[in-house]
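Two complexes, one shared chain (subunit A), two partners (subunit B, subunit C).
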Partner chain A sequence: MNPLAFLLGPIQFELTQRALVEATLVSVACGVLGVLVVQRGLSFISDALSHCVVPGVVAAFLTHANRELGGTISALIAAWAMLLLRRRGALGSDPSIAVVFTTMFAFGLALISATGSYLNDLTEILFGAILATSPGELLASGAVATVVLAGTVALFWPLVLVSFDPVAARAQGLPVDRIELAFYGLLALAVVSGLVAVGSMLVTGLLIVPATTARILARRVATQMVVSGLIGCVASWIGLYTSYYLRIASGGAIVLAAALIFAVALLAAPRQGIVARLLHRPRRTETVTA
Partner chain B sequence: MTTLLSTVTDPLQYGFMRLGLIEVMLLGIASGLVGVFVVQRQLTFFAHALPHTIFPAVVLAAVLRVDLAAGALVGAALTLVLVFGLQRHAAVGHSGAVGIVLITFLALGVVFVGLFRVRTADVGAALVGNVLGTSAGDVLLTAALVAGIAVTLWLVFWPLVFTSFDTRGAAGLGLPVILIEVLLLVMVAGTAVVGVRVTGIILTTAELVVPAAAALRWTRRLRPAMALAAGISAASGLAGLMVAYYVPVAPAAVIVLILAGFFVASIAFGTDGPLRRS
Partner chain C sequence: MSARTTAGLHVERLTVMYGPHLALDDACLTCERGQVVGLLGPNGSGKSTLLKAVLGLTRMQNGRITLDGAPLDRRARARIAYTPQRNEVDWSFPITVEEVVVLGRQGLRGLFGRPHRSDWRIAWEALDQLGIGELRRRQIGELSAGQQQRVFIARALAQDGDVLLLDEPLTGVDAQTQTIVLHMLTELRRRGRAVLVTTHDLTLAGEICDCVCLLNTRVIALGAPAHVLTPRALLETFGGDGAVRLLEGMAEIDPPDAAEPRYASGGTPARRSSGSATR
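Moving on to the complex of A and B:
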């Protein structure tokens, strides 16, 4: 097959065009917001939130409602619960996060398993099926991704300040609690936006892998966000082409592509890469600045 | 009276129920013993990652029709090495390293599922467990695991406690700190493998964390907490499987919902424990 035919192959169908646009939007949105997630060490919370989407999606699935709507409702409830638990700090945080997400997932599983033969539907919810998704669902998840991207850009400085130095932010009179709520809300929406592209189990990959890669490659937060969005975009295109030609679920291919980019950056990054570090001893520790 | 009794005895006439009940009870004991250390050492995210990282091994085992235990142990060992290597990088950190390894292995498993056209039933068994498919061999293996964990904990309990609360002090006394830590992680990994078979990769986190977190609301002392956690976990498993016999829902979901009930009750009525601070 010649290269041009290879590249044009997936683009000739309307469905795959839509899938490419949607996957690009989602990966860029998750990549940009992900920089703050990784910066704050919230990998576990983002993964837990992605499991909390499931009961809402299952309920929507059973009532033929919009999956993004159901997922958004249950993710926002879970995000609020986790923010509350984290703020109280009384439960040592991590175990209580585990309790919340396993309970919500178990509830979703109980609901869907009561319908009889459910494994096909469940694997679709967990791993996504972008090429088997209706245009309406694609549109909905694309819209959610756009909201996440716009929200992160619009709230850039408050979000960054609260992430890096909440004490200073409060001293400057910023409404820290409300900004935190907005951040967790954006995180919940980001998880929902990835439902059809990568599925609820793998969306954490879009949130943390490109962002961590960007932290290796760049120092300023704004630059990291741009780099992370770009990496997410490239990974989603590689992943979608792979899934189109090998006929495998797109989610696994997209996240694996992002992981490969991460591995290359870890080895070969100009300043922070392993090879560069072996060649030049670091003179001072790198600090991240906004 | 007879109906109440037969409610309990009816399911027992089936071999798959008897094996399943023994398996969930054994898993309960293992998870209670190990879970207290998982919560105490703040290994929750790591324990959550382990079932995901053995997913590709489980998928390959289903393709090759071999037992998943060996493959799962390779997956767990790789996880350990990768997390320890990655977290030393300043831009990655511990939580980032665990997250990246977790999600990469999971994605690898998903790609395997597509490439090898793995049957949905096998994928489903990995995702949400298949406790009613437990074989006599599985039960024997789990029993060996529980015995191994019990003997190991009996032998190294105090060094493990010392290392947990004061790693530097333990190292200063000449205790083989790294060996002790690896021993603990191997026990967690072994329990995770059994957990995946019973409750699937997503809900195994609940088995490893929730009973221990509930037990630690009643006592700070580790050995009573271990016994209580094992009791809570085994009771939830037995009750969950019994309910799932009569109500057509996935057993893993019922087990975890009962565990959550124990947790909520322990938060409401728990009398002691490091979690009661406010």
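Moving on to the complex of A and C:
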């Protein structure tokens, strides 16, 4: 096939154009915020939150309400419940998160199984269906992604300080609790924004995989965010094109593309890559005899 | 002791409990502008707790803390710079030394603020002053412990607060850095800052501090070094062995015999009822 036709193929339809724009916004937003999520060791929380949006989305499905709104509300309820359990109970952080998210997910499943055609709807919620989504929904999730991106950029320095040294932030009189709340709010919104593009099961991949890749490639947090956003962007394009031509699920294709980039970086990164380390490994015999 | 007379930091009747454990009992302390106040006491005597209570990092059972006569609210804390005794930061965080130092000014910049060019310049000057200007682009976790300590002192300096709370800034740094820090303290005093510094170094406290506070859960003595650093008050604060060892190390300071330390509780020091038995 002629390369130009190959590139133009998917974007000749308005539907696919919108999908591309939406997927780009979502993966850039998740990539940028993901750097802080990974650095703070919150991969598990983000995965848990992505399960927690399910009951809200189901409720929105059943009442023909906005899916992003439903997902956001249930994610916020879940985040609040997790915080409460951790503070009040003598439970550790991990079990309280696990209890909340499995409960929420089970509730979502129970809700949707009460309707007739639930398998199709469930598949769409869990795995996304970007090409089968209405323009209104695409717009909504793109808007949520934009809010995540703008919020992360606007709060960049306070977020960095609170993540790096919360004691200093508090000592300086910064509203640490509110900054943390904003951070978890942005995380919940990021999870919600990924529903359409990759579905609730894989949105963690968008948050974690590009950010982990960026950690191998860059040293400063701002640079990592740029790199991670770019990787997310590239992954979403590769993923959508693959999904278009090979007719595979877009969510799976996007996260697979991100994983592929990760694998390449892991092997070939200039300083931390496996190949570079093998090449620069000091040889013991030489140093002893020298 | 009236708190409204002078500008500076005033701690009145501060009591802090960790669960059932009494860490600070009715402590009063004043740190005026242009003064370096030394906080001395054995391990676990509540020195760090006092600093943390001022910063709102620990809850106080009782007490009042004012800065220039006004109660210390969250916003006013941007005017107080602090270096903790032990930094509990994420050492693996991808942040450079200069970024750590410039973040000392985030409280001044506010929630949505970003560092201006002037903030970067101030951060670099602070790093130069601590003699680690050439390390500014290194990742914080890649520095030695002493270098890291210097970075956090530079951060407090860059904050340019009216009050500085330094928790053992001389512990774990080399002689050259100690000289730098001591010079810094006198310079801060000259610029009219109020400096509260905890230390285990009695000689230093005697030489550089305008005022010394002997602390052991409660304030044992408070006043000019020559008046406060008496064998009797040191015995009361550190117990027998501790005081002897401290006094051997500071033979050059001769406390005048006539001068009595000002006892916070009023009359003569009563024997500590609790705590002393465990030592």
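Methods note: the second predicted complex is superposed on the first by the 272 of 290 C-alpha atoms of A that agree within 3 Å, B and C clash if a C-alpha of one lies under 4 Å from a C-alpha of the other, contacts with A are read in each partner's own complex, and residues count from 1 in each chain.
Assume a contact is a pair of C-beta atoms (placed from the backbone, for glycine too) under 8 Å apart; a residue touches a chain by one contact, two chains touch by 3 or more.
Please read these numbers as outputs of a predicted model, since none were measured by experiment.
Looking at the shared chain after the overlay, A:F164 reaches subunit C, while subunit B stays out of its contact range. In the superposed model, A:P95 lies in contact with subunit B only, and not with subunit C. In the superposed model, A:R215 makes contact with both subunit B and subunit C.
When the two complexes are overlaid, the chain among subunit B and subunit C that reaches more residues of subunit A is B.
Judged by the touch definition given at the top, the superposed model places A:V226 against neither subunit B nor subunit C. Of the two partner chains placed around the shared chain by superposition, subunit B is the only one that A:T103 touches, whereas subunit C remains out of contact.
Of the two partner chains placed by superposition, only subunit B is touched by A:G205; subunit C is not. Of the two partner chains, subunit B is the only one that A:L126 touches; subunit C does not reach it. Residue contacts after overlaying the shared chain place A:A249 against subunit B, while subunit C stays out of touching range. In the superposition on chain A, subunit A positions 215 are in contact with subunit B in one complex as well as with subunit C in the other. By the touch rule above, subunit B contacts subunit A in their complex via residues 39, 42, 44-45, 48, 86, 89-93, 95-96, 98-100, 102-104, 106-111, 113-115, 120-121, 123-124, 127-128, 202-203, 205-206, 209-210, 212-213, 247-250, 252-257, 259-260, 263, 267, 274-278. By the touch criterion stated above, subunit A contacts subunit B in their complex at residues 38, 41-44, 46-47, 51, 88, 90-92, 94-99, 101-103, 105-107, 109-110, 113-114, 116, 119-120, 122-123, 126-127, 201-202, 204-205, 208-209, 212, 215-216, 243, 246-249, 251-256, 259, 262, 266, 272, 285-286. Of all residues in subunit C, those touching subunit A in their complex are 55-57, 74-78, 80, 82, 84, 87-90, 92-96, 99-100, 103-104, 106-107, 109, 111-115, 139, 155, 159. The part of subunit A that touches subunit C in the complex is made up of residues 39-40, 154-158, 160-161, 163-165, 167-175, 178-179, 215, 218-221, 224.
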